[in-house]
Structures are given as C-alpha cells and as structure tokens.
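Several structures are given next for inspection.
Each of the next two complexes has chain A plus one more chain, namely chain B in the first and chain C in the second.
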Partner chain A sequence: MVLGVVLAVFFLLRLVPGDPARMILGERATPESVAALRSQLGLDQPLLAQLGDFAVSVFTRGDTGTSLVYNVSTRELILQRAPVTLQLVALAVLFSVVIAVPLAVVAARHKDKLVDHLVRIIPTVGLGMPTFWVGLLLIILFAVTLKWFPVGGIGTTPWDPLRSLVLPALSVSLALTPPLVRSLRSELLEVFSADFVTTLRAARIPERRVLFVHILRNAALPTLTLLGVNVSYLIGGTLVVEQVFGINGLGSLLFSAISNRDFPVVQGVALFCALSVVMISLLLDAAVYRLDPRMRRA
Partner chain B sequence: MTDPRPLRPRRALTVAALAVAGLIVLSACSTGTASTGTTADAEPTAGGTITLGRVASVTSFDLNNEITANNAFAIDKVFEPLVAFDADGKIIPWLASEWTISEDGLTYAFTLRDGVTFSDGTELTAADVVFSLERHLTVGGPLPLDAPIGSIVADGDTGVTITLTEAYTPFLAELSGFQNGIFPADFQGKSETDFFADPIGTGPFVVSEWDPAGDLTFAANENYWESGQPYIDTLVYKLIADDTQLTQQLKAGQINAIDEVNSADVESLKSSADITVETVGSWEIEQMFMNTTNTYFGDRNVRRAIALALDRDGITQATTFGTAEVANSLIPPTIASSANDEGYALEFDVDAAKAELAKSAYPDGFTATLLIASGNSLRAQEAQIIQESLSKIGITIEIESIDIAAFRARFFAYDFDAMLNSGQSDYPDPDALVSFQADPAGFSKSYWTSYENPDVTALLDEGRTTADGADRDAIYLEIQKILAEDVPYIPLFYPSTLKATSSTVHDLTVLPNGSIRFQDAWISE
Partner chain C sequence: MSAASEPPVTVPAPPAVRTGPQTFLARARRSPTLMVGLAMTLLLLLSAVFAPWLAPFDPSAQNLTGGLLPPSAEHLLGTDQLGRDVLSRILFAGRTDLRIAFLAAIVPFVVGVLLGLVSGYFGGTLDYLIGRLVDTVIAFPFYVIVISIVFAVGTGEGGIYVAFALVGWVGYTRVVRATTTALRGSGWVAAARGGGLSHGRVILRHLLPNILPQAVVLLMTEIILIMVAVVTLGYLGLGVQAPTPDWGTMIHDGQAFITTKWWLSALPGLAVIYTGISLSLVGDGLGDAWRVR
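The block that comes next holds the complex of A and B.
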C-alpha cells in the first residue's frame, strides 16, 4: 500500500501541469536560466531515470531527494517539521477524548432527555463548520480579544509551543469530536443494558467503578478504532489549521511544496503520511488486543 | 430498567475541567503585550531587534542566480552594488562615490568610496568589482547583465572603468539592482557553494543563523562603511506562511514589522495607535493582457472597445480599498518618462465602447475566457468586475481560475485568450519594463501577447541608446501613446508597496521595488 501511494504521487506530480524550475525563478526569469536550473535539478532526465534515482535515494538514505526549492534534504525538512504537527495532532486527540468521553457518558445516561439531544446536536453543528473558519473565530475571541493565547506561530520559549498549540488543537478537535461522541454514546447505551452490568450492580459494586472499569472499557473499543482511523487523516490533514495559525509544520510544508511543484518534498511527505497510517493501524491493533481479553483468547 | 444512582461529580470530568482551567491560567500568566507608541526621539537609539514577518523563506544568497523577492531582499542586506536607487527611484552613489560618463556614452569611469571593507575587515578594491561583474556576465542568470559590455578594467585599487560597445542608457539603473552586488574577488579562495552558504559582503548585515525553510537571523555588520550604523543589533526574517497571520502577529505584538499588508487591513492598521503603516509607490502594474493571436483579441477595435468598457477607477477602488493608484499608462509615475498624466488612456465610456465594437469584425460580441491564478481573492474580484463590465457591451467572459503553477504553464505556452497579471520593473529605467512588454523579439514576445508594432520596436532601440533628457522622455511618451491606442494590454492600477511596523520602529526606508533599507532604522522604548 505504501509503495502504491508513493508511486501514484510520483507519477501524478509529473503529469500535472507546472514546472518546478519556473516556479522557483518566477515569470520574468530568462528561459536559459530556467533551462539551466531544470538541468541542475535533474528534471530534464527521462522519467524512468528520475524514478531510479528516487528509489535509490529512498532505500539507501531514507530520503526522497533534495528539496528543489530549499536545497535541503527532504528527510531533514520532515524531521524538522514533523514534531510540531505530531504535537498538534496529539493535543487535538487529547482534547477530543477529554471532551468526547464526558459528553458521551452524560448523553447516554440521560438518553432522550434534553441534555442528550444537546450533546448530539451541538457537536454535529460543529462538524459542519469549516475548520479554517473555526480557527479564525478562536483567534479573534481567545487571542485577539481576550489575549489568552498567541495569535499564531509557535514562539521561542519552552512554554510557548504548548500555549501556541491550544487554539489550533481545539480547531482540529472540533472536527474530531462529533464522530467520537456519537460512536461512544451508542456503544455505551448497548453496554448499559448488558447482563453483566446488571449483575455488577446487583453485587453492589460502586457505580463509579462499574462505569469506568467495566462499561467504558467495553464501549471504548469500537470508538478507539474510529479514533485511530480519523487520526490517520490528520497527519497530513492539519494543512488548513497550520496555515491559519502560522505554524510551520508538515501541513504547511506540504501545501507550499504542492504549489511550488517541489516534487521530492511532496513525495517525502506522502511517504511519511503513508507510513504513519500503517504505524497507527499497528498501534491500534496492539491497543485493541491489549484491552480486549477476548482477542487474546481467540 | 432501573435508573442508575446519581453519581457525585465524575473524576474524569473534574480532572478534565482542572486541566483546561490550568492551561488557561498558565497562558493568562504570560500574555504578550502590544508595544505602545511613545513620542519619537529625534535621536536614534542603538540596539534592539527588528523581526520582519514574511511569507516566504530565504533559500539562496547566490545573487547572480536569483530574481525572486524572497531571496533578493535578503541578498541586498549583505551585498551592495556600485550605485543604488533611493525611495524615489533616483540613482545615487553607493559603493562608487562618483562616476563620469564619456560624451559618446560608451565609457563609464567609477571611483570607489573610501574606507569600505567587507564584513570580515578586508578592504574593498577594484579587483572585487571586476570579478563580481564578470562573474555575472559569465553566469548569465535569470536577471542577466544585458548591457553591451566590452570590457571591465580596474584602474588602480580604487577605480573601475567599464567600456560599452554601444550606448546603453539603462546601464546605471541596471547596475543598481541587487543582482549586481559586489563580492570578494575569487570568493576569497572558497568554492562558490561554500562562499554563498556563509556569504561575506559590504552590506549592513551579516548572516548569523539561517534555516532555508524557516527563519533567517542577521547580525549588524560591525565593519559597515556608514560608521555607527546600522543602529539595530539584529534583524530577523521570520517565516509566516499566511498573510492574515502576518497582520495578526503584528497586532498582537509577537513581531514588530511585516513585509506585506492586505489592502483590506490598511485602514484598520492605520487607525491603531500601536502600528505605523508605510506606503510607497511601487514598480508594479496590474494589467489585463490580451493574446493578439486570438481571433477576437487580434482585432484592434475589439481591444479598444474593451478598454473603453472598463471603469479602471471603480476597479481600483473596489479591489484595492483605495491603496493603489489608477493606471493611465504602462509606465508608473515612480519611473522616469511616465505618461500617466498625459491623458493617452482610453477613458471609461460605455457608448463609445459599443461604437468601437461595432467597427470591429465582431459587432455582436463574442465569448472568451479570462485566465487568472487562483488563491488571490482581489484578482478574482477584478475578474468578476471585468466580466460584468464587458457583458454590457455584448462580450461574454468566462473566468478560468487555476493554481499558479498551472497558470504559468498555460500562458507560457501562449494558451490563453486574456489574462490578469502583473507587470513589474526590476530597476528604475523605463527600458526594462517597456522592452519586456513591447519587444516581439524578447523571450516573452511582448508579455505573451505576441504584440508587434515596428514603430514601437524602432522607438525601443532608439530609447535604449539616447542619453537621459527631454529627447529620451519624448521617445518613451510616444511609445506609451501608441500602446494606449493599440491596447495589447490594459493597465488597470499601480499597487502600492505596503509595509507595517510597530510604532516603536522608526526610519525604515521602503523602496519602490518592495525592499526595505534598515541602515537608518532604530527602535524607541
């Protein structure tokens, strides 16, 4: 699958109109200088030769090539930009879980009452709002007006990155939370009416323990899987949020690389995303295996 | 089913609430404060850092091989040319303190300024000038040295004589460009790659930290020839990829200068006491270009009808929020010999437009496509206004908006009917702009319009070789008159160069090419 993604990106990039050398030098540069740059960057090589160089680079150096625009190895660029994006995604997941779990529990316990309806409707409305718009609203309210957070960037002191990522992570979690709430709520409802719960209550186990140790653990598994799938989309999908908040992460790297037709960088980020999806799937499988004794017995 | 017993506040909810509250308290403790302006001191104070937010990073210092602004305006902090231009576009002495031009316009003798050293302390000599200019000639590059140079000779250590093979009046203006900066002879023995990775020039700043995909930090050059300057200690070029973020971060006090301002934000920034907006006329001209090889746009009457149908005042007001100047000619008033006030342009008159179209081969109108690059909302609005205006005279315009790389690929292949784009001059001589846009033998073939008029071509050659003065002005005025009559392109407006800073930053010099000089800049408390 990873190979398929990488090959598809490689060929699509070269099929789409747009010349990287012309993008680097702009419209007024002489054709001779553009041709010289194309040659220097190896873009005038036959397609298969380029593919060959690319393969060699990936397998021997773990690098999809030198950025055409920045003249720095793609691997270095990704290593530099990835941490911020991963922090952003991690924080977004944390916020989503912290918001979704209590909401789902409250909704499930008060099924069909007002609070249940509110919990089901409001996040869905949130899902309909475009992320960049939410981001801008959060900036206006919390950064510009209340001045609680910076308006963008990731700052320079050790505390800054955490502060700077709060609003972006909230924007991302707004899209992540609704499906989690819905899924967890419906799983909880199923588990509430399970026999083993009635038995536990009859045995006068404290309600809090019933809820956390038994009910949530059982209800969480499908939701965890859902979370994993959504997080995979996020690794390259933070593009919009990174632009809005001025964060120089993987998303904004991908965005400018596509605009500039910086082939090696687009290929590199695509490869990184594909590998991340695989990794997350594996981690997810491991987590489910650990949480669900039934899997171990099977 | 029995109701569950009511629970005490769930631990998870409490923990979550505490965590969020904690984060909020933490952040409230360390908010940045926007700097407040104080009465400006007349005397510059030394010290401080200017952090300039820009949307693109610096990727190279190899000046002879660069052309785009992201690199050019970093290069011009490190390398300096023999002559420079001031904020009005006038040529002024720089590394050359004086020069003479022979009667026949072929020999230029420059005298180098006393006491100039490179940032590492080595003296600037004529040999460095000869080496630098010859390297540019050898390399060619995207902005080649076009002057017909016969020889460049050092005259002792402090004189350089350049002899041209024929008169070429734009020569000094060309030399004033960043791409003709002076670097040490032989790259001080280093390889080109090594030299440009850690460049040494005579400029006011030296590179101290550089991430090609991120920020660049300059430190003041201790050996700068304007002693005591620059006043600031550090200049940071900070990469902020989104232009809305630039304004946000400036307003919030996270940075104290920005390299571009959305025209929509200008009013609100100007009214803020903490912010100063700097504006200067640019060398850019927003235009509608028409492909003269196209069936419809090849017809001169059609093009004239379109020019008459467009309300350039209205377009300028609506799409630039009054920050740009309406264009009445190709050459902007910031460059010599501009015909902006001569009244050559076809003025907005719908009836005249219809009459003109009636004289053409397509009196009942036609359908054509207007090509634009996506991602620019103001250009999209321009296109819509044009579409609306032309529908009134029977011309149906379809707007095609594609991503910038694809856009360039299209018009470079001459595959367009009409497009919206921006013309630009790289130095303060009318020849640069006019040649690019009206010379069918140039690589763009008259800015991709394929416009060809032998009268204009003859005038172009004459303008290049005529010395500055009334005669030369007359030549360019005549060219602009013909262009206004033939309208292969319609100049719409001249965008202004807009920068904004915190009001504690003083004495920036904003140049018409979009660059900023920081030698005189200082920061007050």
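The block that comes next holds the complex of A and C.
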C-alpha cells in the first residue's frame, strides 16, 4: 500500500499536460532556465531512473526533493508545519466524540421519539455542509459577535494557541459528527436489544450502570473503527479549515506551495498526509484488536 | 394474488433488491422522505434552469457606487463589494455548481460500477489489483488528492472533471464489488452461465440490475460530496474562475467583510446546504423504497 502511495505521488507530476518545468516557470521563461529546472527535477532522465531516484529519496531520507522556493528539503518544511495540524486533528477527534456520543445515546434510548428524529436529521443536513463554511459561521458567532475566541491566527501568549485551535477544531469535528452519530446510533440500538443487556436488566443491575459500563463499552469499538475509516476525510478537512482561520500548518504549506508552483512540496504534503492516514488506520486496527477479546480469539 | 397477504413464516424473504417495479413505485409514493426530496430537488433544478428569467439583475453587472448594500426591497439579498446583486449571483452560481457536480459524477459512476462488477465477478488477480488500486486512492485524504490533481492538471472546470474521474470511482467499486462477490455464488448466476450466456451478458443483464439500486443511492451521496468539493475548490481559488459566479468564490469574497456584512458569506453556504439536504433526502428515500442501504 505504501508503495502504491509513493507511485501515485510520483505520477502526480506526470499529470501535468505538457512540460512540468514550463508549467512551473510560466510561459515567458527562457529555454535555458526551463532546461535547468528540468535537470534539477530530474525530468531529463529516463522515466524509470526518475522513479528510482524518487523512491530512494523517499525511503532513505523521507523526502520528495528540495523546495523550489525555500531551497530546503521538503521533509524539513513538513516536520515544521505538521505539529499544529496534528494537534488540530486530535482536538477535532476529541470534540466529535464528545458531541456524537451523547447525541447517539439519547437518540437510541428514545428510538422513534421526537429526539431520535431530530438527531437523525443531523446526517442529512451535515452531508452537504462545507467544512470551511461552518468555520466561517463559527467565526461570525463566537469570534465576531460573542468575542470569545480570536478570529484567526495562533496568538503569542502560552495559553493562546489552544484557545485559537478551539474554533477550527470544532468546525472540523462538526463534519465528522454526522457519520459518527449515524453509525453509533444504529450500533447502540443493536447492543440495546442484545441478550446480555436483557440479562443485566433482569438481574436488577441499575439502568445507569448497564448503559455506561456495559453498553457504551460495546459500542466503543465500532466507533474506533469508524474513526479509522474517516481519518482521511478528517485530515483533508483540517487542511482546508486551516486556510479559513489563517493557521500555519500543513494546509497553508500546501496552498502556498500551490500558488508558488512548488511541485516537490505539494508532492511531499500529499505523501505525508497519505502515509499518516495509513499509519493511523493501522494503529486504530491494532487498538481494536487489543481491546476486543473476540478478535484475539478468532 | 394480493400483495398484502401475509407470507408463511417459514419462507425466507426474497433478496432485498429484487423487487418488481410496482412494489417499488408503491413504496416510493408512500415515502415522504423521497417526495419531499424530489420536490426540493425539482425546485432547485428549476431555479437553476430558469436563473436567467428569475434573477432580477445581471449577475456580473457591477455598480461600484452601490456596493455592499444590506438586503432591501430592490436587492432582496443585498449587493457584494462590486455592487453586484447577491440573489442573482446565487441563482447563477447554482447553474454552474450543479452542472459541474452532476457532470463530474458521471464518469466515476460508470467506471466505478463496472470495475466493481468485473472485480467481484471474476475475482483472482484482477480483483487483487483493483483492490490495491482502491486502497491506494483511499489512503489519500479526499481533499488533498483532489486539490493536488486539480493543481497539476490546471485549475477550473477541466481540472475538476479529471480529478473526480481519477478518484471518485473508488466508493462505487468497493460497494459494488462486495455485493457482486456475494451474488456470484448464487444459483441463478450459475444457471445463467450454464445456459450458455457469455460473461459479459451475465454481468450486464443479470448482475448489473441487482447492484444498480445500491449504486444509485450512493450516486446521490457522491453528487453532494462533489458539489461541496467544487464549492471548496472555488473558495480556495482553485475551482470555477471569476467572473463566472460560484458559491465557493462568493463565500470567499464575503469573508473579507465578515465582521460587518456576514450574510455575504452565510447565504451562498445556505444554498449549498439546501442542495445537500434535497439530494440526501432523495438518496435516503430511494434507499428505503428499494430496501437497500
């Protein structure tokens, strides 16, 4: 899979219609500078040699080349920007779990009542909600009108960064909440009607204990799996939301690289994101495996 | 034989997707979800088709002295920074964004369904290779890969079509492959083959009708995702290029005035959400009527 990802990133440059060097430098570039860039990017080599060089660079140095603008390795640039983005992703996951779990519990407990119907509207509305637009609405409400949070940027005092990440993380999490609510609700409904729940109730175990100890624990694993499925969507949304709030993470690196036509950096960000997705999914799979005794026995 | 008569309990239910047209229509008519969704979608399409007649102003007509006006009787939704009528621009932007979303959804649908059928029906090496390809595309965050491809191919409508043709098919392939694999073992597939039908005929005439409902329900979701992506690309400056009105660029342009003229960014987003809800209801309703999920 990692090999496929590296290949895909390599061929991204080949998607450019015509000469990538000319596309990067623009129509008015001299033939000499185009030729120079072609040799810098290795475009004058045979395709297989290019692919070999690219793969060696990726696997030995974790690098997709040297940035055409900053003249440093893409690895360095990405490692500089990645922490903010990863914090944002982590905070967004936390928020969406905190929002989705109570909603799903309430809906499942009052199946087919008004609350349930209201909660079930969320995925219908949420599907077509652009994440960046949600971010703007949050800015209008919480930053402009209520002035609780900054409009953008990261701030300078030690406490500021966390405060500035709240609204962006909330925007991203609101995109993840709808699918999470939907599947958690149906998961809970299934657990509610399971035999062991009936047994617990028959044994006069307090309802609260049944719900919080036994049912939620059983519904937690599918939620974890679902987070793994959505992690790729989550990272993509985070990069876009960074733009809305002016946060200097991987998103702004990607978009400034795009406007500078800095191809190695675009490839580097794409590769880093895809590899993160692969890694996080593997970790979550491993976590589910560790936590679920049925999986270990199988 | 009346449809309402209770079947004996011992008879297993027929395969969920194999329902006759009458039962489907009957269920569809009784589904408020589908009916509301269709009505909302119809309204949306009509407003897009008739935008030139509905819009009170030319969407690109500038009036620099009448810029950033709040909503009023003359300009129902106010004007933007160049004095263009916001309502007219929203209507015309719907034409652009909906056209792109629907057109961009076609190639992935056809390719994805066919690959899924072939992959599930033949299995083996072909199935393995298609599976790896799916895994690779899925590893990339959707927006990262779409943005990168649009950047490489060139911004604007053309780039959008290429990007979705390259990545949009995976969802269909996954779903269709799973169902086809399950159906491949059933007796009627063996019977069709034993009756001397070619692989192509079995796939297109026998398997395809069985997986189509599922794929169409997914298509509704995919159109919404593509529309949101088109709007997002517009917002980022990589999608529809000015002066063609587009909901994404409108939201972007309004962001500069967010502290005072919040509606400039908020209203085009509502149009996006309305579209999402309409198509989502149609998808849910169709899913219920076909009894697929």
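Following the convention adopted for this analysis, the second predicted complex is superposed on the first by the 247 of 298 C-alpha atoms of A that agree within 3 Å, B and C clash if a C-alpha of one lies under 4 Å from a C-alpha of the other, contacts with A are read in each partner's own complex, and residues count from 1 in each chain.
Here is the rule we use: a residue touches a chain if its C-beta (ideal position, glycine included) is under 8 Å from a C-beta of that chain, and two chains touch if they have at least 3 such contacts.
Values in this document were obtained by computation on a predicted structure and should not be read as measured data.
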Next on the checklist: Looking at A:Gly246 after the superposition, I want to know if it touches chain B, chain C, both of them or none. Which is it: first, second, both, neither?
Outcome noted: first
Next on the checklist: Going by the contact rule set out at the top, does A:Thr225 touch chain B (first), chain C (second), both, or neither?
Outcome noted: neither
Next on the checklist: One more residue to check, A:Ala274. First (chain B), second (chain C), both or neither?
Outcome noted: second
Checklist entry - If you stack the two complexes on chain A, which partner ends up touching A:Val16: first (chain B), second (chain C), both, or neither? => result both
Checklist entry - Looking at the overlay, what does A:Arg28 touch: chain B (first), chain C (second), both, or neither? => result first
Checklist entry - Touch check for A:Ile139: first (chain B), second (chain C), both, or neither? => result both
Next on the checklist: Under the stated touch criterion, which partner chain does A:Gln50 make contact with: chain B (first), chain C (second), both, or neither?
Outcome noted: neither
Next on the checklist: For A:Pro102, using the defined touch cut-off, is the partner it touches chain B, chain C, both, or neither? Pick first, second, both or neither.
Outcome noted: first
Next on the checklist: Does any part of chain A touch chain B in one structure and chain C in the other, and if so which residues?
Outcome noted: 16-17, 136, 139, 144, 151, 243-244, 255
Next on the checklist: Applying the document's contact rule, which stretches of chain A touch chain B when the two form their complex?
Outcome noted: 16-19, 22-34, 36, 67, 69-72, 77, 80-81, 98-99, 101-102, 105, 109, 136, 139, 143-144, 147-153, 155, 159, 162-163, 166, 192-193, 201, 207-208, 211-212, 242-246, 248, 252-253, 255-256, 259-261
Item to check | Residue ranges of chain B in contact with chain A within the complex | outcome: 1-2, 4-5, 7-8, 10-13, 16, 19-20, 23-24, 26-28, 30-32, 57, 59-60, 65, 67-68, 140-144, 211-214, 238-242, 244-246, 248-249, 251-252, 254, 375, 403-406, 408-410, 412, 421, 424, 426, 436, 443
Item to check | Contact set on chain A toward chain C in their complex | outcome: 1, 4-5, 7-8, 12-13, 15-17, 123-125, 127-133, 136-137, 139-140, 144, 151, 232-237, 239-240, 243-244, 254-255, 258, 266-267, 269-270, 273-275, 277-278
Item to check | chain C residues within the chain A interface of the complex | outcome: 132-133, 135-145, 147-149, 151-154, 162, 221, 224-225, 227-228, 231-232, 235-236, 238, 248, 251, 255, 258-259, 262, 265-266, 269, 272-273, 275-277, 279-281, 284
